[in-house]
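The letters A, B, C and D name the chains in turn, as written, and every chain counts its residues from 1.
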Amino acid sequence: MVLSTAVLDTVEQICHTVADLHGELTRNELVIWTAGNVSARVPGEDLMVIKPSGVSYDELGAEKMVVTDLYGELVHGSLAPSSDTAAHAYVYRHMPEVGGVVHTHSTYATAWAARGEPIPCVLTMIADEFGGEIPVGPFAMIGDDSIGRGIVETLRGSRSPAVLMRNHGPFTVGKDARSAVKAAVMVEDVARTVHIAHQLGNPMPLKQEDIDRLHERYRNVYGQQEAR
Amino acid sequence: MVLSTAVLDTVEQICHTVADLHGELTRNELVIWTAGNVSARVPGEDLMVIKPSGVSYDELGAEKMVVTDLYGELVHGSLAPSSDTAAHAYVYRHMPEVGGVVHTHSTYATAWAARGEPIPCVLTMIADEFGGEIPVGPFAMIGDDSIGRGIVETLRGSRSPAVLMRNHGPFTVGKDARSAVKAAVMVEDVARTVHIAHQLGNPMPLKQEDIDRLHERYRNVYGQQEAR
Amino acid sequence: MVLSTAVLDTVEQICHTVADLHGELTRNELVIWTAGNVSARVPGEDLMVIKPSGVSYDELGAEKMVVTDLYGELVHGSLAPSSDTAAHAYVYRHMPEVGGVVHTHSTYATAWAARGEPIPCVLTMIADEFGGEIPVGPFAMIGDDSIGRGIVETLRGSRSPAVLMRNHGPFTVGKDARSAVKAAVMVEDVARTVHIAHQLGNPMPLKQEDIDRLHERYRNVYGQQEAR
Amino acid sequence: MVLSTAVLDTVEQICHTVADLHGELTRNELVIWTAGNVSARVPGEDLMVIKPSGVSYDELGAEKMVVTDLYGELVHGSLAPSSDTAAHAYVYRHMPEVGGVVHTHSTYATAWAARGEPIPCVLTMIADEFGGEIPVGPFAMIGDDSIGRGIVETLRGSRSPAVLMRNHGPFTVGKDARSAVKAAVMVEDVARTVHIAHQLGNPMPLKQEDIDRLHERYRNVYGQQEAR
């Protein structure tokens, strides 16, 4: 597959963005060694940019990123793509509104995933960002479409941009890679806070109508409108 | 509203201070992404300086700060103010002794807030800084006066500069923004220590007279007198 | 009190060492804001070097350190000494083998102190450094000799260089300030590990004879002999 | 023992690698003060490179590393070797496939070791890297062959590159020092996640056949093939 110069320019820009966003994973202590990855859809093309497999975050410049089609076949770049590529690709094929996908094994989110328990919506921050409880997806083997299918089926029934894949860890999506990284940061933060709240008793529930109002407000009012 | 040159000079200085103090929030791991804010009253004016909404801490220079009146209306600056502006403004209107307000979702303090439980005064550090237990405020929706009212009503019956807003997170106040940041750092620290103490049994209580003596001493003896 | 040039040279060197060692407190996350302090005895003099009160660790150069006599009276320097000075001074007066004292409110050690429970000797690292369980000292008011007396009385019946002062936090001692800092780092580390071990059951006990052999070996074999 | 120039060149390179890898121990918060060590076999020689005893990580350049034979006798370098040298040497003598050994007292792994409990295989990441539960080795005194013998006997019955030595801490092995460090990072990460999962209930088990498939795939597919 030969990419046009215009597409190559876009791809290069996205490679820089995706490489930089891996820095947020380490800065927010969501990953160790090479165990997490960010990808981004190339807008208007059936392509995605993703981390190469088994490369440490220190060595992860834009030039190391790889481009695959939406079936995970390498299109550009010389390294083998992440072993989670099939899952990312499945999400892009089946959720056209998604522009970015992130996978980590962040500690507290993975602990909920190990028990197969959703994170209850007991904080305003959860209502804001996730619009309700953060759901659990099925156990699925790594490498084929199983994980992607589990992610898509779980997220379709939810307002949450995050899913806790059972015995594995969280996947998050967003309109772009930065939004998906934000959701990955926030799912770990609320997984930790709610875990800790539960250790000494029970958090007080939020009413569904309050959750709805908070989520609505957050989506429409929060942040700089020009920057969203 | 046109600000005089003298007021603008003061405002500029406060913008620098407030921008820098956000660095203490990240350094002390009280915030993730954009989820926390510091404000300061402009002395002698019905104005406050506050963080803009949804701007990341890395990009938060003095020039990004915004100035509002004490009803949250933008007076100076080009970005939309923090979505918590109404709460900060309400506090400044009703607590004239307060010169700084801080809001975070720091993990352990928010966990106590999720259960709606005050932090008991079982450490000399809590007696020193908070003068007794750290109280819980009501659940309140974001955006209008509800949060501000909850903060003010709760703090009026307490010596504590911190309140744990239910299902939401801590707000702290101080004579200036730096004092409010200090209280935000300390409320998380003691929330964590007391949580951990409770995990394996019960902390031993402090006598009320010891709490009173410690608090009195701390307010009058601790630190460099010229620097307070 | 006028200090001779020779003593002033020694004092200046110690001020540098003590200022630098405060950096280990922050690096090892034992302290927040200004809530911890290191001191060192001036060898051969009835003097000690200690942190000034309420000064943040960022601003803590050698020139900020203060020199007091062993009753806590200021001898050299322009800032008020730490509010824990009386405790440090008492230790130097009553334990001539001690050359350094450290006080923190490090999280896990303080949690054990809040419950008034000693840390049991269930790790080889505890046998090595502490020679047995880490004892609890009495509750004592800040400011007069009570804390110092509690430290000295507790440490006299123990091989441990650390004592957990009830509802307050750990104090550690050493042959010099660096050894006391090392003990402060290690008491928090083992307080955390043993806490976590207890959360899911009971650590297996160590035999007294194994504790004795480990402690003996550590004191005599570990490290570079010329550097001890 | 006189080393040839060719061996000395290899040794120098390994000293650099081993010194740098100690930086991963601190960066991943696996060690405090001087309490952990990395060693590497010198390929084709009965020699190993190891950390000197009691030297802080800040001062740990390649020139400080020491070379011993596989009985722990100093061959090259001026400092005394780590007090864990006998354990490392025993492993190299009895496991010819091992090229690197790491020892830490990392918090969560040591907490499992204190209770004498293996870490169950309830995460895909554990199946990948450890191929099953992470086993516990016997309590053994420091200094002679006891620890080395406990490591070797425990690892022989397991696919895991990590063993939790009772009341002491984890040891990990690998085909080279970098692999052993990776295992040390990952054993702490999964020890923490599984601990946290257990705090609020029970993780769901993985089927043995899924563990086998995940482990097989990870060993053969993950990473850049040329870089393994």
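Definition applied: contacts are C-beta pairs under 8 Å (C-beta built on N, C-alpha and C of every residue); 3 or more make two chains touch, one makes a residue touch a chain.
Just so you know, these numbers come straight off a predicted model, no measurement behind them.
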{"item": "Same-residue or different-residue interface between subunit A and subunit B, half as cut-off", "value": "different"}
{"item": "Rotation, 0 to 180 degrees and nearest 5, that superposes subunit C on copy subunit D via CA atoms", "value": "90"}
{"item": "Chain whose mean Cα position lies farthest from subunit C", "value": "A"}
{"item": "Inter-centroid spacing, subunit C versus subunit B (mean Cα positions, whole Å)", "value": "32"}
{"item": "Shared interface positions of subunit B, touching two or more other chains", "value": "199"}
{"item": "Every chain pair in contact, whichever chains are involved", "value": "A-B, A-D, B-C, C-D"}
{"item": "Contacting residues of subunit A [partner subunit B, same complex]", "value": "28, 122-125, 182, 185-186, 189, 192-194, 196-197, 199-204, 206, 210, 213-214, 217, 221-225, 227-228"}
{"item": "Interface residues, subunit C side, partner subunit B - complex", "value": "32-35, 52-55, 79-80, 83, 105, 107-108, 110-112, 114-117, 139, 141-143, 166-169, 195, 198-199"}
